[in-house]
């Protein structure tokens, strides 16, 4: 009995002390944590930040985006826009190949777009009403023409989100669902990486496509592994064990501090992602502009930016990363409880008990803290506050109706394509109402008109004027409380270089831009 | 013969339970406020898509007919589509079940293999230190919330001591897919990969400890009580009077009847075990059905929730059926009376 | 079994109450358990009086004093927005006890009455009630509760309803088996022959036989209900912030492990403390009343 | 030294519980001649069961302690002989019929398994060798002797499949397996209904007489004694208060205690349980 116990404990201790065998077979491996699961790796179905992280590495589009928002060639080496801006013709690179070695041809582009429109999910929403079946035609083997159904100035900025599938590779698996089942677990693209392992709930691993037509920097990344980790403690534990190469941008400040202490470098990058308190302009009490202003004045911007969630100031709905479009003359919002009380007194609810609901997302620490801070301040100016914590799905459901949308909602919004249109149309146009991004329910014909005008014009100066006017208007209406623009924080292994923030989805995590620079 | 009819009875009973379970699940699925079709399609769906699904689910038909459709779907393994993963729930569960199964199976084994001897030791040295230790451990393991145990273990072993991996089933870079049974411990042996087997055990260690402690404590307690009870029974005394030696009395005649109550308890405990697996899988990022279920629950992914509940129910019923058979094998009274 | 007990010369027969008290006071787990339970109940009742910062229960933020370790000012330290954890733990205990109280106050009477009816009447009453409890017990409870809490809106009330909806079956089963044993006793037959009303027989003759088992079970259950409730809130299916809830506190504090360990470990210990109290009390009562193993 | 098969001289037994010592037997004298049927009568708590356990060597040390006295079986001193020899006597030279047929058989093993095991170890102690098959034959034979209609079926049965009367017979068969010379019966049949009890007593009497065994019957039921035994010891509070031949004792009881026992005879048969319940309430 004792002998057996001894044996067991010896076995146990060897097991405990054995170190994790380091991956000797791959040279430069990046292990990155992400808090959300990869819902899909099908380019026609990707919707969120995490999904795009996968596809930007597995697929390429006709064009791509640089950190400054400019559109650069990718599969297409050049493009031409017709004078009326209704036709765009892309010329494909001769050397562009899919990861299986076959050339990328115009037919693949047509197939990919048609499939996208048929499935009508994910990126298709950006093209609604712009492209219709038959809009895309192959002029020749290496030339494709897009014919737009209506004027849509941001079109060029949307194109990078159209990823090109290898038609030949997909066809055999088409089935009766446009190969949705097959592409749910396989990839057939021209991206810098190929799929190695994918388990939607837990991990995605990709390996370098050595024949990538654009090539790689020196000391490229050979393998990227994303691991879905839900809690901060696990991220830190991975940091401690050295498993971790890079975190996502949504860890708690304490985790970054802890990782810094372990020898990771912390990089801060300003982004065009914005955090708003979206105020429902149609329900009590936020239907009164004075109440909306009171809430804005009762917001402690500095504490939020400095203690709770790292960020830069946001003065208008548009982050100042859109330099030329930003209305710089709008003053910075102030935290002033006295002024807030004065605004309440001016409102039609003055003298009555005012109850208000603050909505935020389940399980997001910074949102809970901001919501508590808001509650504390709002209670001081006489509001009765209820917190409404909801999971994301529930939020999207509540957002579909004006009466179920809470008065105040914490919403984090990123441009989905590098154009101010992405910020304004999605959030403030009445036709976009009923989604989580437009919980303001502004429904203002003037705002709609301005947004459409900007879309319809090809002149940059005119666009700039319109967007500045829009910003003044929305700030004046106090459609939202403009909390901050995110400063994205990442903890990285000291050897990893190349992280940059691109104002489109998670294009910044295209690991063909990264390199490993240690000896 | 009598055993066969006992098995048949138990199997029929299990079917009845599953039927009851499907009624309850159906009631929940239809009883919730809001349109199930709308909820299961998500906010992006168009009215036409919603109507299409309403027709397919027969939501405008009488309830009893809807129930028929629901059960029909279940029988064909159709649990609907998951809002979260946009795949069929059946496929999602198929992908994740093996990980949960492995975790739970190892947990039960550990709970039994450690718990029963602990109970025997406590009964043998009653009121001496082994007994006190066992009692202490079992009380504390029962009253400590599983999530607290899991968190503390993770922090201690993973973060402070750096001795064990804290997440997942295998290291990220390990190139192995469990495509035979889905269970790493078995597949790694079949494929002759001792390194995978070793890593799989290292990864299992913390979740299994967190999950098995409560059941282990219960089993130890019940085994102890039942050993003491059996040792005082007349038939053990009778054996003594007839000169049957002590080792035969203890290890043959007392041990076997003593195992009935702990086995029965294990069946009841299994319910709590599955529930706690939800927490443990979440904390240890275990890619199992329970973690999938928690995400589904938190995101209100209706079909996935119902699927996970149904599958846990089936799992539970099957485990209890196995336990019934074991108990029936150990104790003829059970199989003759037909019920526990 | 008469052999050994026959031998012990019987001590002076004491009055029942005194005898119970004597056995109780000699039973360490009962005494410790009672003490813990009483402490918890008293702190819960007088929470506003004994906590140093009762206002921290609500939306109070003090970012300058966030993540402070336990000290004389803040016995259990402060949380991520600078609130006193001790205060919140005490108030959280209140919620936990309330949860147990409500669930058991619903489940015990319902389970008891149905168990009595099924055990006494037999026949189809028994078939309907007991088959139903069998099915209910054959369903993984915690999973079911999670599902119910999930599809309805997650808050304390939903959790309570979901737990109570399953919990009564345990009591029904217990009372049923005791009733079945008691029903055939001579004095019940005697009472029936004398024409006592069914009500009298059920509640005056049979029910008193169940009291000790019921006390043991209810006490043990209080601990389990608190554990289940805290698991639900740990998963985010509990009460909405800023109201303090022990499970939620552990979950949100877990993000700061291990640096700010007190934010999750101390609320976790509070859960452990309450459920330990009820468990010890239940165990003690079980030894005292010498009831068969009641789960 | 008498010619008795078993003789007990001045036996004292103490029990220690919770640091208190109770004198349970205070000098018992008892003689069981070969081929005789002796009864030991007394109420619950009178010490008769302790006496029986002391004879069988089943007292739990250190809870119970024999503080004084002597016991001889067939002229051999039971208290001084080595443990091994003492154990060897159990179930072979002296054997016991247990009281409660519902609890004295292991519910999870077949009758055959239990009886074969008893026989196996009895054989081993006696230095006999028998194959498993031979042991089964012997078990079936004894089951036949206790008038089981279908010994083969009983052999394969679990206790739960048998009626109370049948189980009691199994208990008797167990005691007879190794042909003991002294049979000690502890309240046989009290757990059964009156008719079955009568049958069992008749069976026991026949078996004892056929084989010329000595019988020590432990009971509180004088009705049973009158039908089965020739000599009676009456015990009360740890001492033998009176003894004599059954006929004499019934005809002219000396002690008040004995008189009371005799007076209670009709009521004691079969109705005890009601009394117990009344007392418990």
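So that you can tell them apart, the chains are marked A, B, C and D in the order they are listed, and the count of residues begins at 1 in each.
Rule of thumb we're sticking to: a contact is a pair of C-beta atoms (placed from the backbone, for glycine too) under 8 Å apart; a residue touches a chain by one contact, two chains touch by 3 or more.
All of these numbers come straight from a predicted model, not from anything done at the bench.
Between chain A and chain D, the least number of touching-chain steps is 2. Among the inter-chain contacts, the highest number of C-beta pairs connects B-C. Taking the mean of all protein Cα atoms as the centre, the chain whose own Cα mean lies nearest is B.
Centroids built from CA atoms put chain C at 46 Å from chain A. In terms of their C-alpha centroids, the spacing between chain B and chain C amounts to 23 Å.
Across the assembly, chain B contributes 151, 155, 159, 233-234, 237, 282, 298, 300 as residues in contact with two or more other chains. In chain C, the residues that touch at least two other chains are 1, 3-4, 236, 254, 257-258. Each of residues 231, 233, 362-363, 391 in chain A touches at least two other chains. Partner chain C is touched in their complex by these residues of chain A: 231-233, 252, 254-255, 258, 303, 307-308, 362-363, 365, 368-369, 371-373, 375-376, 379, 385, 387-389, 391.
Against chain D, in their complex, chain B makes its touches with residues 233-245, 248, 252-253, 256-257, 260, 330-333, 336-337.
The touching residues of chain D, when paired with chain B in their complex, are 56, 58, 87-88, 90-92, 95-96, 98-100, 103-109, 114, 117-118, 121-122, 125, 158, 160-161, 171, 174-175, 177. By the touch criterion given at the top, residues 34, 38-39, 42-44, 83-87, 92, 95-96, 151, 154-155, 157-159, 162-168, 171-173, 175, 177, 195, 198-199, 201-202, 205, 282-283, 285, 287, 291-292, 295, 298-301 of chain B touch chain A in their complex.
In the complex of the two chains, the chain C residues touching chain B come out as 1, 3-4, 131-132, 134-152, 223, 227-228, 230-231, 234-237, 247, 250-251, 254, 257-258, 261, 264-265, 268, 271-272, 275-276, 279-280, 283, 293, 295.
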